Each structure stands twice: as structure tokens, then as C-alpha cells.
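After the C-alpha cells below, expect a handful of questions from me.
A, B, C and D label the chains in the order they appear, each numbered from 1.
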Amino acid sequence: MDVRRDFPILASNDMAFLDSAASSQKPEAVIAAMDTMLRSGYANVHRGAYRLSAEATDAYEAARAKVATFIGAASPREVIFTRGTTTALNMLAAKWGGDRLDPGDNIVLSVMEHHANLVPWQFLKGLELRFANLTDDYALDMNSLRNQVDERTRIISITGMSNVLGTITPIDQIRAVADTVGATVIVDGAQLVPHLPVDVQTLGADFLAFSAHKMLGPTGIGVLWGRMELLDEMEPFEGGGEMIDEVGLFESTWAPVPHKFEAGTPPIVEAIGLGAAVDYLTDLGMDAVRKHDTELTVYALEQLATVPHVTVYGPTDLNIRGGTISFTLGDIHPHDLSTILDENGVAVRAGHHCARPLMDHLGIPATARASFSVYSSSDEVDRLVAGLELAAKLFGIAN
Amino acid sequence: MDVRRDFPILASNDMAFLDSAASSQKPEAVIAAMDTMLRSGYANVHRGAYRLSAEATDAYEAARAKVATFIGAASPREVIFTRGTTTALNMLAAKWGGDRLDPGDNIVLSVMEHHANLVPWQFLKGLELRFANLTDDYALDMNSLRNQVDERTRIISITGMSNVLGTITPIDQIRAVADTVGATVIVDGAQLVPHLPVDVQTLGADFLAFSAHKMLGPTGIGVLWGRMELLDEMEPFEGGGEMIDEVGLFESTWAPVPHKFEAGTPPIVEAIGLGAAVDYLTDLGMDAVRKHDTELTVYALEQLATVPHVTVYGPTDLNIRGGTISFTLGDIHPHDLSTILDENGVAVRAGHHCARPLMDHLGIPATARASFSVYSSSDEVDRLVAGLELAAKLFGIAN
Amino acid sequence: MGLDSLYKEVILDHYRNPRNRAELADVNRHADGNNPLCGDKISLDLTINGDIVAAISVQGHGCSISQASASLMSEAIKGKDLQEIARLRQLFSTMMTSDEAIVDPDRPGAVLGELEALAGVKAFPVRIKCASLPWATLDVALAGDAEPATTD
Amino acid sequence: MGLDSLYKEVILDHYRNPRNRAELADVNRHADGNNPLCGDKISLDLTINGDIVAAISVQGHGCSISQASASLMSEAIKGKDLQEIARLRQLFSTMMTSDEAIVDPDRPGAVLGELEALAGVKAFPVRIKCASLPWATLDVALAGDAEPATTD
């Protein structure tokens, strides 16, 4: 994909930005859409009878419809704008989990979950958390998952793609397991939705959470998608303006979905930006995005294999692997690696990647991670490898 | 104040935008700060050891420090970035209220609260809500407040300035009442902070909530300020990345304040925008902003008094009145008024303004509302009045 | 100008003197409608005999467009059979939302009678909800559904 | 270049062969420090006799800068009295964070001994936290405070 020039920060800077799993850069189309809104179309939504506000509302709702089309939702009403994946998963844990489960019920997660799909479940009292393991090739171990699930399993909440290992999980198989006990399937789509074609009609999830900022969109907004029957049943997470129907001093009733879940002034300009990001990705085509990621991953894995002492953590099976590569280099701490690479114009993440239990599971304190987006190139991979060779030299472990 | 040209949407459009209480327009400085960040400085914060991320983190934390200075916080750590006022108040209701109060405790609000400072409290089970009344001049009735407060009162949560009546409340007096029973004082500052100088050292509040988008800043971000001892004591509202210290599969511990309350990727670019808005307001001077609002309010009240059948709802005492004027015109429904004004290039809000209980209290279904910000002018007031005269003619109630 | 065609005499008359406000004795269909964004409310009580709407009572409050539309609708459907009402409802929707110009300016009232007074609403997209609320509420009443209608 | 002055021999040596890792018998001061953002951890056990740090034990893991800094610190303070340690801590802080050039390039080691090996960290603002963590943890241990230290 030859789109680097669409991204102002990359066009004017020759760094190798390999931290897209943390947050992606934004194309001109997204920046311009927000800028234009602020300069000529801004007003609060859903509240004004005047034209400017009505147009802002239409633009906001059009963004919702774009997102719905992007993920194949049955209706735009199934798309709820949240602050991000984290808030979407907290809403589910509190309102689909906490409020509706009985003591002794259990929730099945995996050992590779991001803290956003772990800590909110830990908040719940009296419920049991269970964890599916990984195979030796870093895939989700479906036997382990099956063993964890029993008739008290009410929810299976699993990442669609690991932000550390790049592992893509078989949601359809998880669905099949869930159906044997009538459990709900929640997918943390923070890494999945930016990188693979997603159609919620066939995905197998009941709920899907993702963030705009990882899919070329702005910060401050994310999405909770859910099947309408379930959203209808679920209680609101926050109270305030716009989410109400009738309000008395002591009691109130709620507006229909999605408004029930969007208390207060929403991230209006951010929704416009997300809509533009979705347009941009749609133009590229998510199949092409996936193909690009895979090709780059193949190349990167090959090149990394040429550097002595590099250990890669993640599946070798490319069918279940996204463009996120965690690795270590000898006894060099990832934090040191990151500094050395940074001095050479290569930005990677180092640390636990908000997945401490996975680090414990792998038996390492941290990894370095290179992650790709549509603008990433083999050139940047070459610079990464050159940086690693330099690091090895500095630490006296070359060969 | 002669700043209209600083606001691109107003400079290129001759509408009278009188809906700033719903959301204000943004100056060039704010739009440009966000644009620049996206074009040359963007990366996720708190996570990367590489320079771009470190600089983004510094910029994000610098925005926190600016907000702290703006409201006189003892430390930037007392400033928590939230999605907006609504989320800040929901955090307090759930975590300062729900988690810590005993059945039979009571919480005192006022009848003029915005739904954001009402519905989150209604969520709490087993606690009693009590409501302070208004005086005949639409001030907060301190006698009524005193009568509602007793030794079971744990929290008094009151708006600093009504978004309907413009009423400014005496927080220092509320503090004194609260101190007689050891209650906490929460101030909904959504309308207060954009319009009056606020110094939390003298305000009298323990917690203060406000939104960037009403104070010339972006959507998608707001602030919860609290006294450090209280924030230290309060449990987190959402779980996820960045808010943790240690994470195990079954249990975790929390990072220090403010991170404990900022789970997940925060509204990074929005924080930069809010920082720029605070700089802009600081340059104008909040005393000057207050003076401008008051002068315009005096003028508007005078002019509205010349239109037959206009009824204004709000204090006549200008010392306790901000630049937000609710009114009705004869039997014309505010929604009709808004359409007629809009056709004449005047944008006002019509409706219950997310304050249904106040509407019930006033015995009217809705009002029209004109609200000012730094860019508002007497010219716009004149256009409002001309529009009202036209509406009266259309509805056959002129004189 | 647009405002004149929105706030026609007929509309203001129906707003100030709404028809069919008397309560009914024999109600066999009921529905409540509301537009949470601007606070319009409509309650409909119907007496249906066979397939004839024999009587109707309208309650509610809100803007002139919603209240006048309810009043005009009540006059238009009173005594009509369900098929005719469905036809009117269809024409009314078309008038509000489609680009098709179904009203003939040379023969005012020929297609939809007094309901044509609301044709001007179309130029004010924000207000279409107001004009449509009574009809959406009627749909619910006729469907015998218990959920309140909403045009949001 | 900067990286060479960051990853000096001395640093790598202390990273790979950290000093004072043996456990102590007589611990009367303890503190844990951690840098949640990059996962560095330091635990300090001290034996204080009068105002002398008679013995020190360091545990922990993390990047080369944090671990080498802990090792260097342990060597620098062992056997010193609290006043001298306070002086070193102050000088170390100044070296890390102030524009004042306290290290004399012509007389390496004259001011802070081997600790001067960390002077290069200053050019890498993100890493200053790593180098400072052991000292922040020491502050906590000496204050007899129970809360873990953090350089975040």
C-alpha cells in the first residue's frame, strides 16, 4: 500500500513509526473532516431546533451509519459511541455482567487479554473468572477454553486479536462453545477491527468493542456494537442528558437505544473523524488492508530471523496472525531496545503492553513490539532490523 | 469583547449564535493546536519510550497543568480528564456516593439541576434524594437547603450556575451548611467554569466537574477536579490500561491519582485542545469574561423588556446571574420561536434544557434560551429582539 | 417566504382551537406519542366500530406544528374507515418526506383537504418530526400496541 | 554519539553483574519502588547502624539503566553516613535534572565517582525516571515509609 503521503505526520517526517497497535496515525481526510466541522459546521447535537444544530446532528448520525455499514450491523442503532474500547468493555462488565449475573456464575476470558478486558471483570464481586490458555504456537487453545466453560458460564469475553502476540482468535468456534451453554460472546475488537474485514452478521459475537484511534481515527471515541435485543435489555451505564425519556425528581425512564447509552454531550467532532476514517479504510478495502499486513508480517518475520538472539512471541501460522510482532533481543531489556531504536528513527513499544498476566504466562517481564498499519512499509522493517543489529553491537551480543 | 474574528465559524458566517450554553464555538487557537498535534506530534501517551510518545505525554500532562492553574488546583494531579461533566458526575455518584454511603443516608440536590446532576444520583438504591428550592427571584433558597440538610446528609451536589435560569449559587454558603454535618460539596461547574473566575481554594467545593466543549474547547473531554485526600480515597470508576499498578489474573492494584481514574487511552488530542482553550481564556482574563457577560445580560434584559408578552425566567439580581436567558413569548411554543428565529439567522435553544424537573417546577413545558459566550455581542441581541417581534407578528400577538 | 407557508392561518387556528379534545366514553384503542427532543406529547383515544374510526379524542401539548397536525388529523380521520385512513396516512408521509410534489397548488385541498396546510413543513426538516408525531401515534393506536410512539 | 554515552561499559557491567544482591540478615529499613510505565522494579533492604548504612541488598529487574543505577547506588552509599548519602542524592538529582553541569569532564569521577557513568542519561529524558528509581526508593526506605516509591 502506497499511502504514506496521505498521512501528514509521516509525509513530513522520515521516522519508521512501528507503534500503530498503541495508536495509529491519521490521514489528511480525517484531520480535514474534523477541522472543517470545527470551522464551519459545529454545534451541539440532538438539542437544537436551529439548522446548524440539525446539520451537526445529521453529520453525527451519518457517522454512526457509516460505522454500522463498516461492521455490517443490522442497524445504525446498534452502534453506540463510547469513549473507547475501555469504556465499552466497562459498560459490558458492569451492565451485562455485574447487573445480570448471579453469585457463582463464571466468566471466561483468556490469559492474553488486555487489561481493558480483564480489570473491569475483576471489579465484579462473587463471580468467578476463568482463563483459557494458549497453545504452544500462541493460538487460543480451544480445548482449554472448552474445559473452562460449564453450565454456569454466562459470558465469554475474548480479544479478537492479541495486541501483544498478534494472535487472531476463532470467534466462530468460541460462539459454538458459548451456544452449548447459552453464554454471551463479547469480542474485544480493539486490534481486530482496524486490521481485518469484520462482519458482525457472521463474526459470531453478541457484542464488539473497538477504538477509533487505532483505526486511523481520532482519540476520545470508540464503539460498542451489540445485538439490538441485548442492548434493549441492558441498563444504562451513565445517567444524564439525552439518555432519558421522562425525568422526575426521583425517577426517570430511558430513551431508546442507542441514546440510552450516550449520556451527555457525545464526542461530536470525534464521531465525524471516525466516519472519515471508516470511509478511508473502506476505500482501501479491508481485504487489501489484511493482505498488506500479512505480506509485511511475512517479510518482517523473515528479516527478524536473520538477527541472532532475536526471539519472536506469536503464532507461526499466518492465517491466525496479524501485523503485530513482539520480540526480545538477547538480554537487552526492551526498554533499552526502544531507546536505541528511537535514536535511529524507529518507534516501537516496549513493556507489558497492558497485558501483565500474559507476560507472567510467557515468563518474561516485557517485550519490544513492532506493529503495522496501512502506511507501514518493508523499508521501515529494514530500519528496525538495522537498529537491532546496532543494539546488539552496543550491548556486545552481536553474534 | 471584540474577539469574533478569532472564531472561524463566526468570522465566515453572520449568524447570531446564541446557544453557547449548549456548546460554545472554538477559536482558531484551539483548532490549530489540535490540528498541529495531529499533523506533527501525535502518538499515544504514557506508553512509549520513544521521543514522539514522550513528547505527546509531556503535552498531555502540560494540558493537565494548565487546567490546574486555571482553577487554582493545589496540584495537577488533582485534575482528572474525563469524557465530560456527565461522566465526572457519574463517577462521583457511583464511587463517592454509591460505594461509600449507607442506606438511609441522603443526598441534597436542587430543583434546578441538569439531568447530569440528577439521574446519576437516581441510580443509587436505598439512598434518599432531597431537593432545595428556589426563591421567588430564582435564586437558590438557602433556607430551603438548610431545611433539607440533616445529620444523614452525606453529599450536597449543586450546580454552580443554572443552564436554564443563569442563577449563580453561593457555594461558600453551601459549604458552611455542609460543614455543620460533615457533608461533601460537589459542584456541577459545566456553566460556572466557562463564565466566572473559579479558584477551588476559595470556592468551597470538594469536587468540581466541567466540560471542555462549553468553554471554547473540544468535545470528548471534561474535567473532574477533587481534593487529593478524597481522590486518594475514592475507588476507580473504570478498569483498564494505565489505571493499574500490579495486575494479576484475579486481582489488581491501582496506580496513583490521577491515573487511577483514567483507564484506557485518554482523549489526547482533546486535552491539547482544552489546554489551548484555557490559554485563550486566561489571556482574555476571566474577570473580563464575567464583565462582558454581565454587560450583555443587562442589555439583553432591557431589550427583551421592550417586547410585549415576553416572560424572562431568572434572577433580577445581576450579582447572581450569568449570561443565559430563558424566556417565553406569549403562547408561542419555544420550538416555534426557535424556528422563526433560525430563519432570521438567530440560533437559540428551545426545550427543557435537560432540566425537566425545573420545567415542572416553573409550570411550563419549555423555554427558549439565549446564551452568551466571549464572542457574543449586543448586535446579536438586537437581532434576537427583531426576530421575536417578527414571531409575535406571525402569531398575531404583536401588542 | 418559508415562514408564512409554515405558520398558515389554518395551523394557528388548529393550534389555538384544537378539535376533538373532549374525552370519550367508549375507548377501544389508545396510544401515547412523544418527541423527547422537543417535548411534544400526543395522546390518542379512539372508538373503533367495525373498521370505522367512529370517534377520536386528542390530548397533549407541544409546538404549534405537532398540536395543529394532531387536530387536523383528528378531523381528517373521524368517521373514516381504516382503508381510507391508511391511504391518507400514506399520502401525508409522501407530502412530508418525498420529493414528489403530490399537492396541486392550483387546486388547494384537492388531494389531502385541510391536511395540505402542513405541506410547508417539508421545507423545515427539523420540524417534520413534529408534524409526523400524531400519525406515528395513530399507527401505534391502530396496531393495538402498548409501547409509546416516538418520532425521534 | 549519545547512545555511547548512555550505554557505557560501566553501565553494562553493573547491569550484567549487579552488586550487593545477597540477602541481608539484619534488615531495619525496606522499600519497594516501581515504574509502572516500563515495569522497572527495585527492592531495597538496608541495615542501618546509628547513622551509617552498614549494609544494603538490592533486588529487582528492569532495564539496564534502572538496574545499573541501583547497583551503582548500592556501592556508593554502603558504609556512608546519612549526611553524606543525602549529599550524594542531591548531587545525583542535580546531575540528572538540572542544566548545571556538575560533572567535570576533565576529572572524571571527581564529583560523584562511578555514579557519573549515568550522566549520559540526562540526554534521554524518558530514561531519567529509570535512573532515578533506586534513589526515590532509597528516600522511601530512609524515611521509614511503607508506601512503595514510584517515579511515575
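Convention: a residue touches a chain if its C-beta (ideal position, glycine included) is under 8 Å from a C-beta of that chain, and two chains touch if they have at least 3 such contacts.
The structure displayed is predicted, hence computed values, not measured ones.
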item: Chain A-chain C separation of Cα centroids, rounded to whole Å; value: 47
item: Approximate Å spacing (C-alpha centroids) for the pair chain B, chain C; value: 38
item: Rounded Å distance between chain A and chain B, as computed from the means of their C-alpha atoms; value: 31
item: Junction residues of chain D - those touching two or more other chains; value: 37-38, 126-127
item: Where chain A touches two or more other chains at once, by residue number; value: 47, 49-51, 244, 335, 339, 350-351
item: Category of the chain touch graph - line, ring, star, complete, other; value: other
item: Touch relationships between chains, expressed as pairs; value: A-B, A-C, A-D, B-C, B-D
item: Residue ranges of chain D touching chain A (in the complex, touch as defined); value: 1-4, 6-7, 12, 16, 37-40, 61-65, 124, 126-127, 130
item: Residues of chain B touching chain D in the complex; value: 46-47, 49-51, 54, 244-245, 255-256, 259
item: Residue ranges of chain B in contact with chain A within the complex; value: 8-9, 12-13, 15, 17, 19, 22-23, 25-26, 30-31, 34-35, 38-44, 47-53, 83-87, 89-90, 93, 111, 114-116, 118-120, 122-123, 129, 131, 211, 213, 218-221, 237-244, 246-252, 263-270, 335, 338-339, 341-342, 347-351, 354, 356-357, 360
item: Interface residues, chain C side, partner chain A - complex; value: 34, 36-38, 125-127, 150, 152
item: Complex interface listing, chain A residues touching chain D; value: 331-336, 339-340, 343, 350-352, 365-366, 394-396
